[in-house]
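Naming follows writing order (A, B, C and D), and every chain is counted from residue 1.
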Amino acid sequence: MSRITETSWMIGGPQGSGVDSSATLFARAMAVAGFWVYGKREYHSNIKGKHSYFQIRASHDVVRSHIDPIHMLATFEDSTAVIHAHEILPEGALIYDPGLTKPEVLEMDASVKLFPLDYEGIIRELAEEEGKPAAKLAIVKNTISVAASLALYGVGVDVLEEALKGLFHGKKSKLVAINLKAGIKAYEAIKAIAHAQDFKYQMQEQPNKPASESRLLMNGAAACGIGKLKAGMRFQTYYSITPAVDECIYLEQHSEYGIVVYQAEDEIASINMANGAAVTGARVATATSGPGFCLKAEGIGWAGMNEVPTVIFNYMRGGPSTGLPTRSEQGDLLFAVNIGHGDFPKIVLSPGDMEECFEDGFNCFNFAERYQTPVIVLVDKALANSTQSIKKFADQGLRVDRGKRVTKVDSYDPADPSTGLPKFPRFQITEDGISPRPIPGTPGGIHFLTGDEHTEYGFITEEPAVRMQMMEKRARKLVTAANEIPEHLQFKVYGPENADLTIIGWGSTKGAVLDALDRFAEAGKSVNYLHIRLMSPFPVDAITRILNNAKQRLIIESNFTNQLAKLIRQETGIDIEHKAVKYTGRPFSQCEILEAVKEVQEKQSRKVVLINGH
Amino acid sequence: MSRITETSWMIGGPQGSGVDSSATLFARAMAVAGFWVYGKREYHSNIKGKHSYFQIRASHDVVRSHIDPIHMLATFEDSTAVIHAHEILPEGALIYDPGLTKPEVLEMDASVKLFPLDYEGIIRELAEEEGKPAAKLAIVKNTISVAASLALYGVGVDVLEEALKGLFHGKKSKLVAINLKAGIKAYEAIKAIAHAQDFKYQMQEQPNKPASESRLLMNGAAACGIGKLKAGMRFQTYYSITPAVDECIYLEQHSEYGIVVYQAEDEIASINMANGAAVTGARVATATSGPGFCLKAEGIGWAGMNEVPTVIFNYMRGGPSTGLPTRSEQGDLLFAVNIGHGDFPKIVLSPGDMEECFEDGFNCFNFAERYQTPVIVLVDKALANSTQSIKKFADQGLRVDRGKRVTKVDSYDPADPSTGLPKFPRFQITEDGISPRPIPGTPGGIHFLTGDEHTEYGFITEEPAVRMQMMEKRARKLVTAANEIPEHLQFKVYGPENADLTIIGWGSTKGAVLDALDRFAEAGKSVNYLHIRLMSPFPVDAITRILNNAKQRLIIESNFTNQLAKLIRQETGIDIEHKAVKYTGRPFSQCEILEAVKEVQEKQSRKVVLINGH
Amino acid sequence: MATKQHTEQSFPTLDVKLKPFQLRSDKNPDWCPGCGDFGIVNAIQQAVSELQLQPWKVEFFAGIGCSGKSAQYLQAYGIHTLHGRVLPYALGAKIANPNNVVIATGGDGDGYGIGAGHFMHAGRRNVDITYIVFDNEVYGLTKGQASPTLEVGMQPKSLALPHISQAINPLALAIASGYTFVARSYAFDAKHLKQTIMDAINHRGVSLVDVHQPCPTYNDLHPKEYYTETVNSGQSELPRLQYLEETGYNGFVEDATNLEAYQAKKIAAIAEAYKLTDRVVLGTYWKVSLPTYADRLETNIPLLREYAPMDVPFHDDNFIANTDLSSACEEFVV
Amino acid sequence: MATKQHTEQSFPTLDVKLKPFQLRSDKNPDWCPGCGDFGIVNAIQQAVSELQLQPWKVEFFAGIGCSGKSAQYLQAYGIHTLHGRVLPYALGAKIANPNNVVIATGGDGDGYGIGAGHFMHAGRRNVDITYIVFDNEVYGLTKGQASPTLEVGMQPKSLALPHISQAINPLALAIASGYTFVARSYAFDAKHLKQTIMDAINHRGVSLVDVHQPCPTYNDLHPKEYYTETVNSGQSELPRLQYLEETGYNGFVEDATNLEAYQAKKIAAIAEAYKLTDRVVLGTYWKVSLPTYADRLETNIPLLREYAPMDVPFHDDNFIANTDLSSACEEFVV
C-alpha cells in the first residue's frame, strides 16, 4: 500500500478541555517521528466551553501553513465532528467516541472511515489498574486521541513516550507514565480495528530524519520573546491583552534571565514607563494588541520627538474595536505607520515567520538605539499563535548595536562640580540626523528632554529656524535608516526571477505563499513572491523596481481594505492590479493561495475574497 | 495725497499685557470704519511674559490672510520693536514709547517714520482727571496704541467709540468712557505730530461700506461652535487643551442654549462619554488637539464598530508630541484618516474658512447620524485663532437629518411586556449599509452594542460568514456617503478653468491662496485652486479627473511630509509634481503663495519650503 | 421630574412584575461552570424585576472581561463598551438622558485597574448611576493575571510568580473619592446581593456595589468554598459571611449639612472598610444624600430644569434647524 | 547596593555642597510674576544642594503644565514628559536603573486629573521615587479651568460658571492608595518645603508631597495673601499656616508588622487629612517603611540582587550578544 508523505490532522473540542495540549502532543510526536510540522490554533474569546480546534500538518518537507481539507479528525466529544466532519477528505478518518457521536447524522463524505474509540472503557480499565477514580483520569482523553491517531497513521508507538516526556517535564514528569499507559491502550484499540490496516493515508517513514534535539517546535510569540532575550531586553511592560500576553507570560516564566516583566495598570502606563526606562539606557519594549496599541499613540509620539529608543510590539488581532479578539488580522498596518499626531520618524517592521520573529525581536533594539527612534513591530496573531518545527535559531555572533551612546564626557570633571555643570548638546544637528546620546548618570551629559520642540540642549523653543532644523534632523534619521538597514531585512523575493505572476504579501501570509510556491513549481507554473518586512521607512526604490518589472501582480493580505496595497500606492504610485483579501479573522491556507492565483490567472479577477476556515 | 485701500498692521507685546484685546479693538474699529479685516495671532505656550503679536490686515475688499510686511507697527514696550521693526515697509510707521524704545538701535528701513507716543504722560493726565491712581489705569495702553494707529491711518476717531462699545458690553460697559478718553488723547497726540499728515499709508475711505451690524468679526473656533449650536448639539465633552479649549469655553459661556459642556478627567473619558451620550440619541461632540486626539483612537474605533454617531473635532497644532502647542500645523491628516486599529468607516472633514467651519459644524451631525459612524473634523489652529470679518452666516432653512432613527416599534406593545421582549435587529443588513436605529427608551427597540463583531441583534459572534456580512455592510456606508454628500462639501475649484497652474490645498491655506488668486488675476496669470474638504471617503474620481486635467500642479500644505499629497497619491496614484510645505508652525501668508508659485513657474522647483513669520 | 428633590428614586414602572427569566436575553452565558458571574447577573435580573423597571428604559453598560459579557444577557438595552471605560459611557448616557436607569458593570481589572482614573473621578461628579463591580481578584478573560484587588504576596494558580504589588481597598477608595453609596456583597448570596442592588439603584447619586465573585478557573485562593467555610474566632466557629447590620455599624449619613458629623461618619466608614477580619463583611458601608450632577447642572443651566439635555428642541416639525443664533453671535457683530 | 536593607536612603554624594544657584540651569523660568512655582523649584534646588546629590545622578521628571516647565530649570537630567504621565515615566526609569535619584513633579491637573489612575497605582507599587505636586486648584497653562482640588461651588475668576464637581483630598487618596510617605507643604514656606522634600527624597518608597501653590493669574481664591492672613479661631487670631507637629499628631508608623497598630494609624492619618479647619496644616501626615518594589522584585528575580535591571550583561566586549538561550528554548526542543 502506498503511503503519503504529508498529512493534515485536526483535533477539536470545548475550550479548556485540553485541545491545545493534545495538539501539542501530536505535533511533538510527529516531530519525534522525524516529520516537519505546522500547527494552527483557532479559539473563541471565551475561557471554557466554546468550540476550539487545532489543525496540524505534518510532512517530510518543511511546512509553513495549513491546508483546508483534513485527512484525519480526532474527537472526544460530540460537537467537533458536527462542525468539522465535512472537511474530512474522501477515505479520510474520523476518530470518535461512539457513546457521544452518531456518525450517521454527520454531514461528511460517504467514504470517510470510522474509528470508534471507547474512551470511557480505556479510562475505566486504567482507573482499575491504577486504583484511582476514573473521574480523576479524564484528562488522559487527550493522549488517547493522539495515540489513536498515531496508530492510524502507522507511526510507531515509541514516539509517544518521547513526546510525552517533552510535554511533561520538570514537576509534571510524573504524568508521563499514566498517559503512556492510556496511549498504548488506545494505540492497540485502533490497531485492533480491522480496516485500520487499510487506511489510505498512512504516513510513509521519513527518510531524512532530522537529528533529534536539532529543532524547535516554536510559536511566533515565543520566537519574538527569544529574539528579545538575545537582544538584551531588560524590561518589558505590558497590560494583559490577547494575544500579546502570551509573549509576556513566556518571558515572565524565564526569570532566570533577569528581565523585569511589568504588568502595568494600562497600556498608557506601559508605553510611558517603557519610554522612561529607555531614557535611562535600558533596552525596553512594550507589547500589546489593537485596543491597547490605540492607547500608545501619544507615548510613541513622545519617543519620536525625544529620539528615545522604545520598542513596541503590536500583536494584530481581528479589528476594529474589540473585534475578534482571538482571531488574526493584518489590520493595523496603516494605523501603525501613521500613528501619533504630527510628523516624526518611526521604524515599522513586520516579521513573516518564526525566524523573522527571532530576527526582528533581536534587531528592533539595534534599530531603535542606532536611529534613536521608536520601533514598532507588527506580528499577526496567526503567526504568534501558530506552531512550527524549525531549525534551531542561528544565534551565534549576533552583533549588538547601541548606536551613538556617550558613556563619558571628557571635557567635564565630576570631581570638580563647582566649575559649573555644562549642558550636553543631546540634539546636536548632524548630517545623518543622529546625535550623541548620554544617559542619565553620566557626568557632563546633563541635558533635557521635552515633547515640545527644543534646542540642541533640549530646552523648549518656538523659534522657527530651530524648529525647522530639528524637524529636518529627525527626518534625516529615517533616510539614514533606509540606506543602512540590510536589504534582506527590508524585503525578499522568493521563487523564480521574471515569473509570470508576482505575489506580494507580508506577515504570516508568507508561510502559505511559500508553501504554494512549491506547488506552483511542481505544476510548472512560474510564480514568485515579494515579501515585505520593512514598512517604514518604506523601501520605495527597490519595491518600485520589482513591481514595475513584474509581469502580473497579485497582493494578498488579511484585512478588508488592502492596507499594504494602499501603502505601496502611496509610496510608489503603483496600483497593484489584482488583490486578494480575507477578513474572517482566519489565516490563509495554502489552498487559498492556489485558489487566488487560479482566479487571477484564469478569470483575471481584480479582487478575490477568501473565506475558508471555521 | 493718494491714500491706500489695504493695509497690514501689527501690535506686539508680552503675553498677558493686552495684545489680544488691542488687536480686537483695532479690528473692530477698522470694521466699523467699513473695512474688511483679517487678523492672525501668534503666541507662545506661556501665560505671561513671552512675546506675542497680532497682525491685522484691513482692506476695501474681503481679505482672508495676512501678508508678511507691515505698514504700521504699534508698540507699548520695548521688545516688539526689536523683534519686528525690520518687517516695516519703507516709509511705514513705528508707534513707540520713547521712554522705552530707542529707534536708533533698531534694525529697520531708514525711511520708516517714527511716532513717539507718551503713554505715561497720557495715563498720568487721565489719572489726574479721573482722580484714580495711574497704576490702575495702565490697561488703557492698549486703547492708546489703537487710537494712535487710527489717527495715523486717517480713520475718524468716531469709530473708536463704537468699537469700544462692541468690545466692552454687558458688565464691562463702564470701561468704555475711560478708554475713549484715553483714546482721544492719543489720537490728538498723533495728530499733533507734524509728519503724521504726510504719512504715506493713510487709508482711503471705504466707498462701499457694508451696512452696520451686517457682519461678524469671527474666529474659526467660534464659527465651529456656532455651527454646532445650530445643529442642535446638546452635549460637548472635552479636556482642556490648546487650542480646542477656546471653542469649549465659548460654548460654556452660552449656557442659555442648554448645552452641557463637560470638562472630563481626560480625553479618553471625553470620547467615551461622548459615545455613551450618542448611544442615547443626543447630538454630541468632543473637541481636542493632537495629544488628546491620540487618546481617542480606541473610542473612535468603538463608535465605528457600533455605528454610533459621535463627532470629534481635532484642532491641529504643531506636532509631533507636545510640539508647538500654540502654533498651527496641518499635521494630523494621515493619523486622522487611519486612526484606530482595524478597518472601519469614518468620515473626515476639514473646513478652510469661517463659513466652512460653520457649515461643517452643522453638517457633521447630519453626516454622523445619517451614516451612523464617527465624523472627525480637522481644524487647523491658524483657522481657529484667526479673526475675519465675514457676512452673517446663512443660517435659515438648514435641514436636520437624523438618519434612520426608529422612534416607535409597531410590532411591540409595551402595555403587555409579559408577551416577551423581542430584540430589535439594530444591525440589519441593508443595501446602503445603514440600519434602522432605535435609541434606548424605545419600547421594542431593545438590542445590544458591543465592540466585538456581532450579529444583527448585536450579540457577539465569531462566525466567519456573519463577520464578513458586517464588515461589508459597514464599508458600504462609506460608499453611500461618498455618493450622497454634496460635491461642494467635498471639494471646490476656485479661479479660472483650464488654468496654467492648479494649486491644491486644504484647511486654512485656502485663505492665503484665494487672496493670491486675486493677485494672479490682476497680474494676468492663470492659476486656479482645488480646495479639498472631504478627506474620507476621499472623492477619488472627481479629484483624479481634476488633477489629470490640470496642466501643472502645486500642492501647498503646513506639514513636513506633505500628508495630503500622500493621501492623494494613495487614493489616485497621482504624484503631484510640485510641492510647497511650511513647518514652522506659522500659517502661510499671501506673499508665500506668490513666492511658491514663482519658484515653481520660474525655476520648476519640485519642493518649496516656506519660512516666513516669527 | 418631580422626583428630583427626593433622596430616593422613583422611576416609571411596569404594572406587572416580570419573571426574572423574562428579563433574560436569548443568549446563553458562556462563563465557566461555577463562575460567580452567574450569581451576579441573576441578582441583577431579580432586582430589575422586583423594582418593576420598564426594561426598555434600562441601559445596562458593561466593561470588557468575563464580567463584561453580562451586557448581553439582560433583556434591556445592553452596551458592551471598552476595557476600563464603562464609567465614562454610563456617565455620558445618564447626563444626556436622565430619564433612563443606568446600570454599569465590569470586572475589578476593568474598574480598578485600567479604569482607576475614571473610578475616582466618577466619585467627584455624583451622577445618578449604579456601578456593580465583579471582583474576582484576577483578570479572568485574559487568563488569570493579578487584578488590583489581589493582595501582595499571593499567588493564585494562574500566576507564574507571586504578586508583588499591594492591593487596593475599593470601598475605602470609593468613599474617599466621593461615591455617595458604597456597598459590598457576594455573588452567591442571592438575597443580599439582590437587595443591595435594589438599594443602589434606588439611591440618587453614584453608587458602588463591589461584589466578591469566585473565579473557579483561575483564582483558587477564594473559591466558593472559602465563602461557605466557617472561621475560627478563637471561641467559636463563625460563618465566613457576616452582615454589616449585625455588627451595629451604621454607615448612613442622616444630615449631610452637618459637616462635623458627616466627616466623622466618613472616617468611620473608611475605618470599617479597612477593618482587619477573617470574615467577609457584606453590607452598605456608606450612604449619603448629596446633590447629583444633574441637580448641580441645573443651577448653571436653567434650561435643564425643563428638559433633559438631549431633549432641548432644535428643529421644527419639518426638521428645519430653528435655533436662534443671535445671542451666540452678539459679541461678534460689527 | 548595601543601602537596600535600610529604611532611609543613602546616595553617593558630592564632597562639596553646591550653591543652589549652581543647580539652576541657564534657562529662565517664564512663570507669571508671583507664581508659587518659583518657590517650589527653589526649594527643590535647595534640597538637592543640601543632600549633596550628584546632579548627574538626579532624574527630574515633570508633567505638562506651568508646573511641568520646571524640568528645564534644575541642573540635572530633566525630562518633561506628557500630560498626566509623569509617574509612569518616573517609575519606568527608577525600575530600570535604581542607581539614580528620581524626582517627579507636576500639576494637580496633571497628577490628580488625567493622571489619577497612575496616581493610585503608583501607591500600589511603592517604587522608590519622590512625587511633588504643584497644587494650585486650576489648570494653569490652559488658562484656569478647574482642577480636581477645586472645591465644589467655587468660581475662581477664570471660570465662566461655578464649579460643579466635588474636590478630592489628595492626601487621603494617597494614603488609601498605598503611598508610604505623604506630606503637605506650601510653595512660599521655603524652610518647611525644603525640609519636606529632603525627607521625601530620603524616604525609601513612594512619597507624595502636595504643595499648595498660589496662581495669581487665575486663582483668586487662594492668593499668597490667603496664606499670610490670620484666621480667627473664636478666641484669637492665628496664622493661617499651622505645622502638623505642633498639633501633637504623629503620622509615623513605628512597626509596620504590627497590623492592628498600622491600620489604626492609617485611619488616623486619613482622618487628619480630612480634618475640618480654616487653617492650612503643613506636615508629614503618614510615613511607613515597607518593602519597595525593587525589594520585592528581587525575591522573584534573584539576578536582580546583583544587578540593576539595565545592567544585567548581554554582550561581550566586542558587542556580540552572549545570552545563552538554552533554558529559554528548552521547552521547545524536539
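Here is the rule we use: a residue touches a chain if its C-beta (ideal position, glycine included) is under 8 Å from a C-beta of that chain, and two chains touch if they have at least 3 such contacts.
A quick note: this is a predicted structure, and the numbers were derived from the prediction, not measured.
A.B. asks: Of the chain pairs B-C and A-C, which one is connected by the greater count of C-beta contacts?
C.D. replies: The greater number of contacts lies at B-C.
A.B. asks: Where the centres are mean C-alpha positions, what is the separation of subunit A from subunit B, in Å?
C.D. replies: Each chain's C-alpha centroid was found; their separation is 45 Å.
A.B. asks: Where the CA atoms of subunit A average out and where those of subunit D average out, how many Å apart are those spots?
C.D. replies: The separation of the two C-alpha centroids amounts to 41 Å.
A.B. asks: Two or more other chains in contact with one residue: find those residues in subunit A.
C.D. replies: Within subunit A, the residues that touch at least two other chains are 44-45, 255, 265-266, 268, 291, 298, 302, 321-322, 450-452, 460.
A.B. asks: Going by the touch rule set out above, which residues of subunit D reach two or more other chains?
C.D. replies: In subunit D, 64, 80, 82, 113-114, 116-118, 120-121, 148, 161, 297, 300 touch at least two other chains.
A.B. asks: Name the shape of the chain contact graph, picking from line, ring, star, complete and other.
C.D. replies: Looks like everything touches everything, fully connected.
A.B. asks: Could you pull out which subunit A residues touch subunit D in their complex?
C.D. replies: 28, 31-32, 166, 169, 212-213, 215-218, 222, 225-226, 229-232, 234-235, 237, 254-260, 262, 264-266, 268-270, 272-284, 298-299, 302, 362, 389, 392-393, 395, 397-402, 414, 417-418, 420-421, 423, 440-452, 458-460
A.B. asks: For subunit B, which residues are in contact with subunit D within the complex?
C.D. replies: Checking each residue of subunit B against subunit D gives 16, 44-50, 239-242, 245, 249, 252-253, 255, 263, 265-267, 291, 321-322.
A.B. asks: Mind listing the subunit A positions that touch subunit B in their complex?
C.D. replies: These residues of subunit A touch subunit B: 44-45, 268, 290-291, 293-295, 297-298, 301-302, 304-306, 316, 318-327, 329, 331-332, 334-335, 337-344, 450-453, 460, 462, 464-465, 467-468, 471, 475, 559-561, 563, 566-567, 569-570, 573-575, 583-586, 609, 611, 613-614.
A.B. asks: Which residues of subunit D touch subunit A in their complex?
C.D. replies: Checking each residue of subunit D against subunit A gives 14, 16, 18, 22-23, 25-27, 54-57, 59, 61, 64, 69, 71-72, 75-82, 85, 87-93, 95-97, 99-100, 117-118, 120-121, 297, 300-304, 307, 309-310, 312, 314-315, 319-321, 323, 325, 327-334.
A.B. asks: Which stretch or stretches of subunit D touch subunit C in the complex?
C.D. replies: 113-118, 120-121, 123-126, 148, 152, 161-162, 164-169, 172-173, 176-178, 259-260, 263, 266-267, 270-271, 274-276, 293, 296-297, 299-300
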